[in-house]
Amino acid sequence: MYDYLWLIPFFPFVGFVINGLFGKKIRNEAIIGGIGTLMIFLSFLVSCGNFYALLHDSEKVHQQVIASWMSVGNLQIDWGFLLDPLSALMIMIVTGVGTLIHLYSIGYMHGETGFYRFFAYLNLSCFSMLMLVLGNNALVMFVGWEGVGLCSYLLIGYYFEKQSAGDAAKKAFVVNRIGDFGFLCGLLTLFWALGSKGVWTINFVEIAENAHLLESGGVVVTVITLAFFLGACGKSAQIPLFTWLPDAMEGPTPVSALIHAATMVTAGVYMIARMNGLFAMSPDTMMTIAVVGACTALFAATIGLAQNDIKRVLAYSTVSQLGFMFLAMGVGAFTAGIFHLMTHAFFKACLFLGSGSVIHGMHHGYHHAHLHDDPQDMRNMGGLRKKMPITFITFLVSTIAISGIPFFSGFFSKDEILWWAFAGERGHWLLWLAGAVAALMTAFYMFRLVFMTFFGEQKTDARAKDHIPESGLTITIPLMVLAALAAAGGFLGVPHVLGNFFGHMPNYLEHFLAPVFEHAQVLNGIAVKPELAHSVALEFSMMGASIGIAAFGILGAWFMYIKTPTLPGKFVASFPGLWKAVYNKWYIDELYDAVFVNNCKRIGTFLWKGFDVRVVDGIVNGTAWVVKGIGSGLRYTQTGFLHNYAMGMVVGVVVIVGYYILGK
Amino acid sequence: MIGVYHYLILSAIIFSIGTFGVLTRKNAIVIFMCIELMLNSVNLTFIALSRHLQNMDGQIFVFFVMTVAAAEAAVGLALMIAFYRNRESIDTDDFNMLKW
Amino acid sequence: METLGQIAMQNVNMAAIMPSMVLCCFGMLLLLVSVFSKRGRTAHVAWLSIVALVITAIVTISGWNNPQEGFAGSVVLDNFAIFFSMIFIIAAALTILISDAYLQREGYPVGEYYPLILFCTAGAMWMASGTDLMTIFLGLEVLSVSLYVLAGFFRGDTRSNEAGLKYFFLGAFSTGFLLYGVALLYGVSGSTKIAVIAQHVSQMPAVIDNPMLIAGAVLLLIGFLFKIGAAPFHMWAPDVYQGAPTPITAFMSAGPKAAAFAALLRVAIIGLSSIQADISALFWVLAVLTMIVGNFIALSQTNIKRMLAYSSIAHAGYALVGIVAWNQIGLSAILFYMLVYTFMNIGAFAVLVLAGKKGEENLTLEGFAGFGFKRPFLGVAMCIFLFALMGLPPTAGFTGKFFVFAGALKAGYVWLAIIGVLNSAVSLYYYLRVIVYMYFRDPQEDFAWVKLEIPAVVSIVLALAGVLYLGIFPGPVMELAKMAGF
Amino acid sequence: MADYLLSLITFFPLLGMLILLFIPRDNPGLLKSFTLGVTLLTFLISLPLAFDDIFASSGAMQYREFHEWISIGSFFKMNYNIGIDGISLWLVMLTTFIMPIATLSTWNSVDKNVKGFMALLLLLETAMLGAFVSLDLFLFYIFWELMLIPMYFMIGIWGGKNRIYAAVKFFIFTAVGSLLMLVAIIYIYYYAVTSGAPVEGFGIQEFYQLGIPSDAQHWLFLAFALSFAIKVPMFPVHTWLPDAHTEAPTAGSVILAAILLKMGTYGYVRFAIPLFPEAMQTYLPFLAFLAVFGIIYGSLVAMMQEDVKKLVAYSSVAHLGFVMLGVFALNLQGMAGGLIQMVNHGISTGALFLIVGFIYERRHTRLISEFGGLAHKMPIFATIFLIITFSSIGLPGTNGFVGEFLALVGAFESGLRWYAVVATTGVILAAVYMLWMFQRVMFGKITNPENEKLKDLSIREIVLMVPLLIFVFWIGIYPNTFLSKMNPAIEQLLIHVKSKQVAVVVPVQPVIAQNLVLK
């Protein structure tokens, strides 16, 4: 089965090529969408086969080398794939969620002029993501890494005639590139650092095997991992590089679901997990990751509180949830991080798709009424639960999951992260506190979203009101599947304490991923603090706290948006400055513009008009000018008068003869 | 006793006078005469040296110089006449069409 | 005891002056022919002078590797003289080829023109083959007097008059210095023979302390430097070059300049080799000065003819670099360079001649706007000549400069070479500007172009052939130049 | 046949040019087709070189031809001494490959004096090929200077508004550098002759073996380095490039970017570094600094350009900074990266200039502000432009990445680590300026009514781009085709350079060094 590993990325690539080259000719949406979906589905099937095979295989690491890519001296890089539990899980998520989103898109993108283009890009992004996940060395991963960046660019800029879409696409790519800079630096330093120890490699398996050659906790490892982490920050929208992700909502909603929630943005987390052996060696980096993750979780959540655009709320929520994953990585809870990555993929994809369904409906309504109101503004919604029951239910399930209500998937994953943040060797109660507050806000703004959208009075313009239909089957089926996963997915990773209640249900995920993480964790002493490890009471009380927080957040949202809907207005009135800051995303974009973008432009303009044109060309042209000036000056020695010429000669004679007679 | 050096110094003085004349006079004919003066001072040098060295080469040279000077005079005067025909002047300040 | 007659028989070796005698005879014959020719018809005189030059060339070449001394060692026809003589002959021939149509056009179809060129060439040959300062002086004067006439040949044209007069006065003036220098050297050594002077100078205990020698040597050299057009004795050159009839300018900048170099080389390298260090130093300064003056002033010229005059000064500067080097390569390089310069410069002037019309010759840059497209052949030819003047491969201008600077580098004059190449960089600008006008500008107005006269085209083609052949295969000719060295 | 293959390839275009002169000037179609035919044939003739496996196994010069050319007794010896190894192989191939494309690009853009243009194109091809295959410094110099002439005319006659300034600047700028190099060339020759080394003319392989004393090496190296730096062009002697590129006709820009600039980088690899290894060592930090500074500088300046072509021109400064950084790494990866990046730059930037040419032909303007929303009207164009843009940015999977990555790996492995880190920021800036430009040209609504009428690419234009696109991906995905054939030659070069450089260090404690070797 492992021999067919290459088929997994290959199928979407074929889809990309077919739709990209011939899509315009095919025209038929069913065929185009069908090909796109089929290809990713085939890929899903192969993934299932491989996953299954791996599950029952005692050998957990399999590599497949397709061809040599670059071969220069001691730099030998292959086009190779790596299947281990981590990548197996990831390909399942990518292809699985990917298939659903492809299916969803057939309905959602119906009637778009660039339908074929969309599917081609979507396939390409799946291809890239699979390359990223499956690559057996850092450079193949980088291909996927940049590939998803490219697809993100293309898909955000899908509505390229919109200025904001173009801007957002460019911003996404450029900010990602800043991350890529880190990735490349890390990669190069790693290659050199290992090379100087005699192992010239960037193969993940070999890196893991030889990581011990580097000094644990030393500068080199810290630099490498920090550089990689910068890359992860860019891709996974962490502070300080998170600004692109909210803007990325300019893309069509399935895109937001697929790459800006389920797959691409989790690449950073995946990359850290992939190189956990290396990261674990540097406590400083781990601490940095944890702090950055916690801060991002908290910070993005605050912004999420005040947004009115349905997708923006979800976008900040994504940033926040990614922060949780990084927090997990930082405290060494790799399994928990990946677990949250998975559950997040389910519920956030579902949420995005649900919001897409809502927008689709709203758009339909407005279109019908020939209105140009914003179909994404939650202030125009309300009471939609009756209009769109399936969307509502699936959305609600996912919201519950993300809020951390027990036995839904988000509860298990988030709770495990918080537990590690509190009780892990590398955890700290402050980290836990940040996470807990973020979780509180998450519950609050998510239910705020649900309440504003689905409950209360319908605030949509009267003319459009009655023309908001429930979406079709291609849209609702993926919603239902994802909602089911969001609800039940958590049982893959039930904590031991709880597992006992479910008939000694094991933590499947931890068990499955153990071959990947255990080694580094053991080696670097990453575990739950021993004095807390067996404190069942503590674990339960933490869990209780989590539940309490979630409940509090939900109640708060209920209180403010259902019970006394005037309250938010009062709140805004009493803290106008605070609200404005939050609403405007703490002015981070403006800050970046002022500090980096404008200064870069200023420097560029200066270098061009000030330096290039004035100084360099000034010297060049100045030299020419001086030479010419001397020439024109000398020219006037040539007066045309015989006497002057004779005089010139005489002076020449006198000087020369005088020099030789007197000077010697 | 008048020795070779006296002749040499005299000729040097004459040469200088000629040179000075070339530099200061404006009339083409006068300039030409100054040049002749220079050539003749050279002739004087040659003859003095020839005498001093007991060697005929210098005197032969003088003949050549004189001949050449005559030829030059012919050509020079012809050129001056041509110029005079066009400009009605042989003032060297009028040689001013070609410059810079 | 030998009789006077025997002495004369032994010492007068006509073979040594055969080429120049042929030229002089033809010159006198042609004077007669032109007197008896119908007014306004000069073509046959031109062709006869070409014949004369061809015969002279054959006579000259036949003496290769067979040095003939004559007139008691006053004249020698050695390889050096032969090489230079060939340069003069080529210069004269190319000039004559472009002259006829030009003279007709300008309204001076006068037969004496050609004999004068022949006499001038003969004078140049004497300069190259003279081993006695007397012979050299005679050659110089024959050459000069002919040139005074030629420069002022257009009697009715004030510019031509002015050019002739300026040349005449300054030439005569410099002759004074030269003669004074000869006289002083004669006083030092008791002879005007270069070999004897060399012997005396080398035997002197403190050469450099003898002011008479130094003054004599310097004055003598200055006489030649004047003819070469080296700064600061260059001032006549632009005016004269500009005012003289264009073919004469072409000839003047090639033939007589080469002749002056020939004499200068013989006098300096054979006669004054014991004060080599001082002379090299002097020439170092003069070469640099000449290059700078020529190139820099040329930058601001708008008249192509005058610009080429300054460029000619600059090229004299490059050639002087070869003397500074004072080695075999430098010497041979000068010989080679003079030949190359003859081709490229006369070629460029030939194009100028053909580009003009009566009276107001078309010599300004503006007048050349769009020239390249109107006259493709002339345009391409001009480009090649200009690239050669710039010193770009694969033209002879490059190889010429290459050898000259190689000589300097071999002798260790790195800075001189660098200044030299930087000067050629400066020169790029004004040469390129001509091309800019020829090709990159649209024509301002329509000129009544003269038609392409076959002889002129032949001249241009020959020059082109020379420029390209010497550029791509400089080996054989450079080998000859090497053999022609001392 | 094989004995004279290189000469045939080199002079075939010249032969074509001579025949071209007899084609009547009033038949532009025939002139263009003929030129295209000649360049295509040249490409076909050169193909066997690319398929010759000898390059994969041997780093020595192949296809050698040696004839005495100029021999003047004890004065000089210059030989017609040509050959190629894995380093020059791909540059030769790049030249023969780009020329037909450049020719084809003139179809609609050159309409005056077609004959002249075509003749110059062919002359230029011979000159460029000659420079790449020359193994004799004198011969190289001839071709090197010869290149200036056709390019000067191309810019000056067929160029844009400010063409005269650009042409003259290009010419004088480049010539100044090469004239100093000429002095250095002659000096080396005399050093070789007087030191009694067994030299055959100006043959570089013999010159490699000279132990030129280090004080002489320094100024010789500087002369060479300046000359090549101007051609590359490296900061701060780059200012001729934006002018020349902007004013040149499309074909001229393509050739200038794709091939002519490579002369400079190639010059470093073939001449400056191996001839003066010790001096190289001294000036390495400085030159590497210039290279890296050029990356940042070129990118920042490119970012603010209002003219697409000028933007691409400044991006060249940045790209070639990567090439130079790779070359200066003086190790296998770096050099290979530098070399492959030369080819890449030829392909990507050449393609970008073609693209600019396409829109210039349609709109007769290159100002970014005049465009916008072109993606609507020209989807095929948009796709191709996008691919090339990302190739220029260095997206993995395209050619640009392979070159940049290898160059950076090389720089990291050598002592240039910090330079490499700074250089890596170039990948961010590249994205900034390219994408910003792409967005402003292609995205958004069509604001300028003139853009409404734009037609998408014609078949000819697509045919023009397809070969370039193929190589964009070929080099990106399977660069080993190229790498494997350049590695042996680079290895050999490096062994030479390192041996000379080590020679400086070893004599300090020769005994210990010997012991080390023995053990």
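So that you can tell them apart, the chains are marked A, B, C and D in the order they are listed, and the count of residues begins at 1 in each.
Just so it is clear, a contact is a pair of C-beta atoms (placed from the backbone, for glycine too) under 8 Å apart; a residue touches a chain by one contact, two chains touch by 3 or more.
Here the structure is a predicted model, which means the values were calculated and not measured.
Chemist: Of all the chains shown, whose C-alpha centre falls nearest the centre of every protein C-alpha atom combined?
Modeler: D
Chemist: Using the stated contact rule, I'd like to know whether B-C or C-D comes out ahead in C-beta pair count.
Modeler: By the number of C-beta pairs in contact, the winner is B-C.
Chemist: Whole-Å distance, chain B centre to chain C centre, using C-alpha means?
Modeler: Whole-Å distance between the two chain centres: 25.
Chemist: CA centre of chain C versus CA centre of chain D: separation in Å?
Modeler: Result: the chain centres lie 43 Å from each other.
Chemist: Roughly how far is chain A from chain C, centre to centre by C-alpha average, rounded to an integer in Å?
Modeler: 79
Chemist: Between chain A and chain B, what is the gap in Å from one C-alpha centre to the other?
Modeler: Spacing between the chain centres: roughly 97 Å.
Chemist: Note the residues in chain A that touch 2 or more other chains, in rising order.
Modeler: Touching at least two other chains: 624, 635, 638, 640, 642, 646.
Chemist: Could you list the positions in chain B whose residues touch two or more of the other chains?
Modeler: Within chain B, the residues that touch at least two other chains are 19, 22, 31, 92, 95-99.
Chemist: Which residue numbers or ranges of chain D touch two or more of the other chains?
Modeler: Where chain D meets two or more other chains at a single residue, that happens at 172.
Chemist: What is the complete set of touching chain pairs?
Modeler: Touching chain pairs, listed by label, come out as A-B, A-C, A-D, B-C, C-D.
Chemist: Under the stated contact criterion, what part of chain A meets chain D in this complex?
Modeler: 24, 67-75, 79, 139, 142-143, 145-147, 150, 153, 157, 160-163, 165-167, 169-170, 173-174, 177-178, 180-181, 184-185, 188-189, 191-192, 195, 600-601, 603-605, 607-608, 612, 616-617, 620, 624
Chemist: Per the contact definition, I'd like the list of chain B residues that touch chain A in the complex.
Modeler: Listed in rising order, the residues are 19, 22-24, 26, 31, 92-93, 95-100.
Chemist: Could you list, by residue number, the parts of chain B that touch chain C in their complex?
Modeler: 8, 15, 18-19, 22, 28, 31-32, 35, 38-39, 41-42, 45-46, 49, 52-53, 55, 57-58, 60-61, 64-65, 68, 71-72, 75-76, 78-80, 82-83, 85-87, 92, 95-99
Chemist: Inside the complex, what are the residues of chain A that reach chain B?
Modeler: On the chain A side, the touching residues are 635-636, 638-643, 646-647, 650.
Chemist: Which stretch or stretches of chain D touch chain C in the complex?
Modeler: Spelled out, the residues of chain D in touch with chain C are 69-73, 75-76, 113, 141-142, 145-146, 148-149, 152-153, 156-157, 163-164, 167-168, 171-172, 175-176, 179-180, 182-183, 186-187, 189-190.
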